[in-house]
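Heads up, there are several structures right after this.
Across the two complexes that follow, chain A remains constant while its partner is chain B and subsequently chain C.
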Partner chain A sequence: MPAAVAITGLGAITGLGGDVAALATGLREGRCAIARLTAFPYRGRCDLAAQVPDAEAGSHGDRLPPATERRLSHADRMALAAATEACRDAGLDAPSRCTAAVYVGATTGGMRETEEAYRRFRGGQDARFRLSRLLGTPLSTAATVVSQALGLFGPRSTLSTACSSSALALAAAAEAVAGGRAPVALAIGTDQLCRVTYAGFDALQALDPSPCRPFDRERMGLSLGEGAAALVVENVDHARARGARLRALLLGHGSSNDAHHVTAPHPDGAGARVALEAALAAARVPPAAVDYVNAHGSGTRQNDAVEVGVLRTVFGARLGRVAVSSSKSQVGHCLGAAGAIEALITVIALEQGFLPPTVNLRHPEPTWDDLDLVATAGRRAPIAVAVSSSYGFGGHNVTLVLARPDAL
Partner chain B sequence: MSHAVAITGIGVLSGFGIGTEPFWEGLVAGRSAIGALPGGPGRRGAVVPPIELRAFARTPAARRIDRVSLLTLAASRLALADAGLAPESFEPARTALALGSAFGNVAETVDFLDRLIARGAGNAFVFPNLVMNAPLSYASIELVIRGPSLMVTEQEATGEAAVLAGAELIAGGAADVCLAGAADELHAVLHDILRDGGALAAETPRPLDAAADGPCPGEGAALLVLEPMARARARGARVYARLVPHAGFGVPAPVHGWPQDPGPIADGLRSLVADADLVVAGASGAPARDRVEAAALARARGERRVPVTAPRGALGDFGSAGALGVAVAALAIANGIVPPTTGLLGTPRAGLDVVGGGARRQPIGAAVVDGLARGGICRPVRLEAA
Partner chain C sequence: MNRDALRDQVKDLLVTGLRLDVPAAEIADDSPIFGDGLGLDSIDALELVVLVEEKFHVSIPDEEVGRRAFASVSALVEFILSERG
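For the complex of A and B:
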C-alpha cells in the first residue's frame, strides 16, 4: 500500500464564495448557501439550490484563445478557477506544472449548455443543433481545459462514478504520485447544476423543499449544489524538498461497490462499511484514532440512517466521541464535485482546529442522541485525523482518511 | 511489487455482430461494418445488431437496463466465457471493473430531455440510467463484483483509458480479475449533429489516406479479462498477450480540437513504438486527426518500417473504439495476422506502412494502440507476446 501523500495546495469555488478563504469564512459563520434556484427556469416540487454565480467562475481570456474561452461551460470555468487557486497556493511554477498529472471527477460536464442548445433546436429557434455547442459536453473537457490553460502535461484522466467521482479522483491522484507516475498531481471535482440532474432528483422525490437537513428527524432529501475544488497532491519528500507547505496528509483511501441497487444504498451499508474499513486499514489508523467524520450526509431518509448504522458498527461505543457533520447542509450536494469539496473542507477543519457544522439540523433523530452531529454551529476542537466519505448512485463508495501534517 | 498483466479473455460487440468471431473475421477479410442507419436516408454508420436482453442479463434490475450498459454487460459475459471464468467463481471483493464510455447513455438522455421540454418534468424511471457509471452499476449487480471499480471518460481515447486503468489495478495487486473496457452507442441525434456540422465523410471513410474527407460514426463495446500473469498460467488459461501499464501523458492542443504539433506526441510514443511490430492507429479519416497522428507515428518509429492498421475505417468512429483497437492488437499478436485498413485509396499519409488491401501474416512480438484524443490526451497501450 502506498505511503501517505501530502496535500500542498487548495482551491475552491462553492456557493459559499469564490475561493478557499470565502469557503472557510462561510464554514466558520455557519452560513447556508442554499437559496432560490435561478440558474435556469424550473417548476417542480422544489426550487432550491446552492449556486455559484457565473461571474464568480470568472473569465479566463488571459490563458485561452477567445473562441475557446467563449465555449467553456460553467463547470469548466469553475474547475479552472479552483485549479488556478490550488496551483498558486502550492507554489507550483511552470516547470513543475509541466509534468503534473490531472485527475478530474465529474458527472455532467457541459450538460447545462447542451440542454439549452437542444431546447432551442427542438423548439425551432435554431435550424440545426450546432456541433460547436456540443464541444463542451464531454466530461473530460474540464481536465483538458485545466491542462491546456495551466500547462499540466503529465497523465490526465476523468473519472465518473456519480457522487463519489472526485473522491475517486483524489484517490487516483494519490496513487499516481505514490506509484511514481507523476511527481505532482492535481485532483479536481467539478459539477454544475443542470436540468437533467435537477429534474431527475426531483422526479425521484429526493429533493427537500427546505434547505437540506442532514440527520434531522424531519429531513426530506437533499439540496443540490454546484462548485469545484482542486487539491495539489505530492509525495511528502517531494513537497519538503521543494519547500512546500504541507497543509494535510492523505493517509489512505478505500473504495467499494455495493453490487446491490442502481440508486438505493445497501440496507446494511455493507459497501460503505467496506470502503471505510479499507480506508482506515490502508491509512494504518485504528478507528479509535479518528476525531472527525465529514459524512456523505446527503439528507435523504435512507442515506443518513444507513450511514449512521455504518459509523456505529465501525466506531462502536466510541462513536459519541467522534464528531460527525455534513457540509452538504452548507454547500449543497455538489454531486461529482462533492468528494473533492468535502475533502478540502476536511483539510480546513484539520488545519484550523475547527469542526464544521451541520446547519439546519434542529431536531436530531432521538435514537441518534448519542452522536455528536455538530448541529447548527461549528466549534473549535483540536482534531488530528479525519475521514471523508462519498457514496454514489450505482452503489459506488469511496472513503478518504486525512490527517494533520504533524500526525506523521 | 508489480504483477505482469495477462489478457485472458476478449468480448466484442461491433458493427460486424455480437461476438469476437464476426468482429475478427470481418476485419481480417477487409470488410466494412458500415451500413445504412434506420431513420431516413443519408444516415450511415456501423451499428451493433439488436441484443437479446435475456441472453446476457439474469437479475430483475436489468429489466430497466440502458443500451450502453447492455453493450457493456454483454461484452463482459462474452469476455468471461472466452476466458473460461464463471462469475460464480469470483471472489467479489477481489474482482474489479474498469469501464469507460465517451458519451454514455445518449438515447435515454435525449428521451429525458424531450419529456422535460414537453411536460416540464423528469422521468424517475429513466434518470438513474443517465449517470455515466450506469454500466458499472449494472455490471456489478449482474456479475456480483464488489472490488475496486471505476468509470473513465476520455473522448476518443476512452477505450484505451479504461483498459489501462484495469491494467493498473491488476499490476498493483488490487484485484485477481479485472474486466476492463468500454462501450458507446450511436444515436440518430449524435449522427445528425456530426453530419450537419460537416464532420462526417461524404462516402467511405479513408483512415490515413491523404484524400480522406471525414470519419463515419459507429458504436460498439470491447471488454477484456485481465489477470496477473502468474495466476493465468497457474490455472492454465490461454493468454492472448501481456498488457504493459502506462500512465499516459498530455500534449499541447486546442481544448476542443486535435494537437497541431506532432513532436510532443512522437516524444511520448517513441519508447513504446521503437521496437513494435504493429501500430493500431486511432485514425478515423478525420483530416485534422489523421494528419497529426500520422506525422507523430512517422517520427516515433524513426527509420524502421512499422506496419500500421486503422480499424476505425471498418468499425466506424466512436469514443470507445480504442477498446476494440486493443482487442485487435491482442488478436493480431495471438494469431500473427494484421487486419487491413479499409478505404485506403492512394498514398498513405507521412509515408507510413499502412496495411491495405488484404491481411498481412507476420509474427508480432509487440503492438501499440496509440490512444490519441482531442484536447491533447494520449493514452497509449502496449501489448507484448506472452
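For the complex of A and C:
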C-alpha cells in the first residue's frame, strides 16, 4: 500500500477569485460565482456559468518566449497561474522544481480559441483558417507550458477522464512520489468554458436554468464553470526534511468505472461505491472516521440521487454525522479542473476547520433529511478526515481521502 | 498606393494579424521583422506569409523570396510594390 503523501502547496484560480485566499474567502462568505455567461455569445436554454475573467489569468511573458506566451489559451494561462502560486506556496526553489513531476487533468484545453478561429473563418473575417489557433487544442499543452515556465523536468502526463480528470491527476501525482519516481509532483486541473461543452451539456438538458442547486428537491442540473487548481505533492519525509509546511495529507485514493453508459451514472452507484470503498481501504480509514464528504454533487437529478445512495450504503447509520456538501454550487462544475479544485477546497476545509456550504440548497429532498448537507452557509467544525469524490461522464469514478497533517 | 500608406497597412497587419501587444506606430521601418524585437517565431512566419499573400495579393513561393521580403517592414513594402508592378 502506498504511504500517505503530503500536500505542501496550493494554487487556484476560480470564479471566486484569482488565488487560494480569494477562494477561501468566497467559501467562507458562501458566495456563488455563477452568473450570466459572457465568455462567448450563446443562445440556448441556459445562459449561466462561473467564469474567470481573461485578465485574471494573467500574463506569463517573464518566463516564456513571447510568441508562446501570446498564443496561450485561457486554460493554459489559468494552469500557469495556479501552478505558479502552488510552487511559491510550497517554497519550491528552482533546484527542487527541476526534478518535479507534472500531472495535468483536462477535457477541452484551448478549445475556445479554436472555436473562435473557426467562427472567424466561417464568418469570412479570416479568408483562411488560422492554424496557429489550433496550438492550444492538444490537452497536453497546459503541461508543456507549465513545465517550460517553471522549469519542471520530471515525468509528465496529461489525463483525461471527463470530470474526474484532475482527481486522477492528483492520484497519479501521489503514486509518482510514493513510488519514488519523483521527489515532488505537481497535480493540476484546468478547463475553460467553450461552446462545445456548453452546448453539449445544454443539449443534454443537463444545465439548470438557475444557479445549480445540488441536493435540492427542485434541482434541474449543473452550472458549468471554469478554473484551475494546482497541488504540490511530496513524500512526508521529503517535505519535513526541507522544512515545508504540511497543509494536508493525501491518505489514499480509489478509482473505478461504471461500464454502463456514455453520460448517465449507473443507477445503483456500484462504480462510485467501489471507488469510495477502495479509497478508504487504501487510506486505512474506516468509514466511521470520515468527518466530511466534498461530494461530486453535480446537481443533476440522477447524480445526486445515486451519490446519496452510495453514501448511505457506505456510511450506514452514521451518515447523519458526516457533513456532505457540493462546492459546485459556488464555483460551478469546472469539468477537468473540478477534481483538483474540490480536493483543494477540501484541504482548506481541513486546515481551517470549516465546512464549505452547498449554497442555493433551500429545499432539501424530504427523504434525505437524515443527511447533513451544509445547506446555504458553511460553518466551523473541527474535521480531521475528509473525502472528495469526482464522477466523470462515461462512469469515470475517483475518490480521494484527505486528512489534517496531525492525523498521522 | 503610396509607400507611407502601405507601410502603415503592413504594420497594422503585423499587429492585428499576429495579435501583437505593441502599437503599430512603434514598429521600426528598418529593423528585421524576425529579429528579437517583435518576439516572433516560426509559426508567426508561416502565418505572416499567408496573411501577406491574402491581403496584398502577392506570392511568396519559397524561403529565398521570404527571406528577402521579410527583411524589414520597408523591404516588405518594396517587395509588395515590385510584385504588383
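As a working rule, the second predicted complex is superposed on the first by the 408 of 408 C-alpha atoms of A that agree within 3 Å, B and C clash if a C-alpha of one lies under 4 Å from a C-alpha of the other, contacts with A are read in each partner's own complex, and residues count from 1 in each chain.
Just so it is clear, a contact is a pair of C-beta atoms (placed from the backbone, for glycine too) under 8 Å apart; a residue touches a chain by one contact, two chains touch by 3 or more.
Keep in mind that this is a model prediction, so the values were computed, not measured.
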| task | Once the two structures are overlaid on chain A, check if chain B and chain C clash or fit side by side. | result | fit
| Three-chain overlay, vertex chain A: chain B-chain C angle, C-alpha, nearest 10 degrees | 60
| message | Contact-wise, after the overlay, does A:Pro66 reach chain B, chain C, both or neither (first, second, both, neither)? | response | second
| task | Please indicate which partner A:Asn294 is in contact with in the superposed arrangement: first for chain B, second for chain C, both, or neither. | result | neither
| task | Tell me which partner A:Ala199 touches in the superposition: chain B (first), chain C (second), both or neither. | result | first
| Which of chain B and chain C A:Thr8 touches, first, second, both or neither | neither
| task | Considering only the touch criterion stated at the top, classify A:Arg128 as touching first (chain B), second (chain C), both, or neither. | result | both
| So, A:Asn303: does it touch chain B (first), chain C (second), both, or neither? | neither
| task | Applying the touch criterion given at the start, work out whether A:Asn257 contacts chain B, chain C, both or neither, answering first, second, both or neither. | result | first
| task | See if chain A has more residues touched by chain B or by chain C, and give me that chain. | result | B
| said: Quick check on the superposed pair: does A:Gln51 touch chain B, chain C, both, or neither? Answer first, second, both or neither. | reply: neither
| said: Per the contact definition in the header, classify A:Ser326: touching chain B only (first), chain C only (second), both, or neither. | reply: neither
| message | So if I take every C-alpha atom in chain B and every one in chain C after superposing, what is the smallest distance between them in Å? | response | 6
| Shared chain A surface residues [contacts with chain B and with chain C] | 65, 68, 71, 128, 130-132, 135
| request: Using the touch rule from the top, collect the residues of chain B that touch chain A in their complex. | output: 61, 64, 92-93, 97, 102-103, 109-110, 112-114, 116-117, 120-124, 127-134, 136-138, 140-141, 143-155, 161, 165, 168, 172, 189, 192-194, 196-199, 247-256, 264, 373-377
| remark: Counting only contacts in the complex, chain C reaches chain A at residues 18-21, 38-41, 43-44, 46-47, 50, 54
| Interface residues, chain A side, partner chain C - complex | 65-68, 70-71, 127-128, 130-132, 135
| query | Which residues of chain A touch chain B in their complex? | reply | 42-44, 64-65, 68, 71-72, 101-102, 107, 115, 118-119, 122-123, 128-132, 134-141, 144-145, 147-149, 152-162, 168, 172, 175-176, 179, 181-182, 195-196, 198-205, 255-263, 271, 274, 392-396
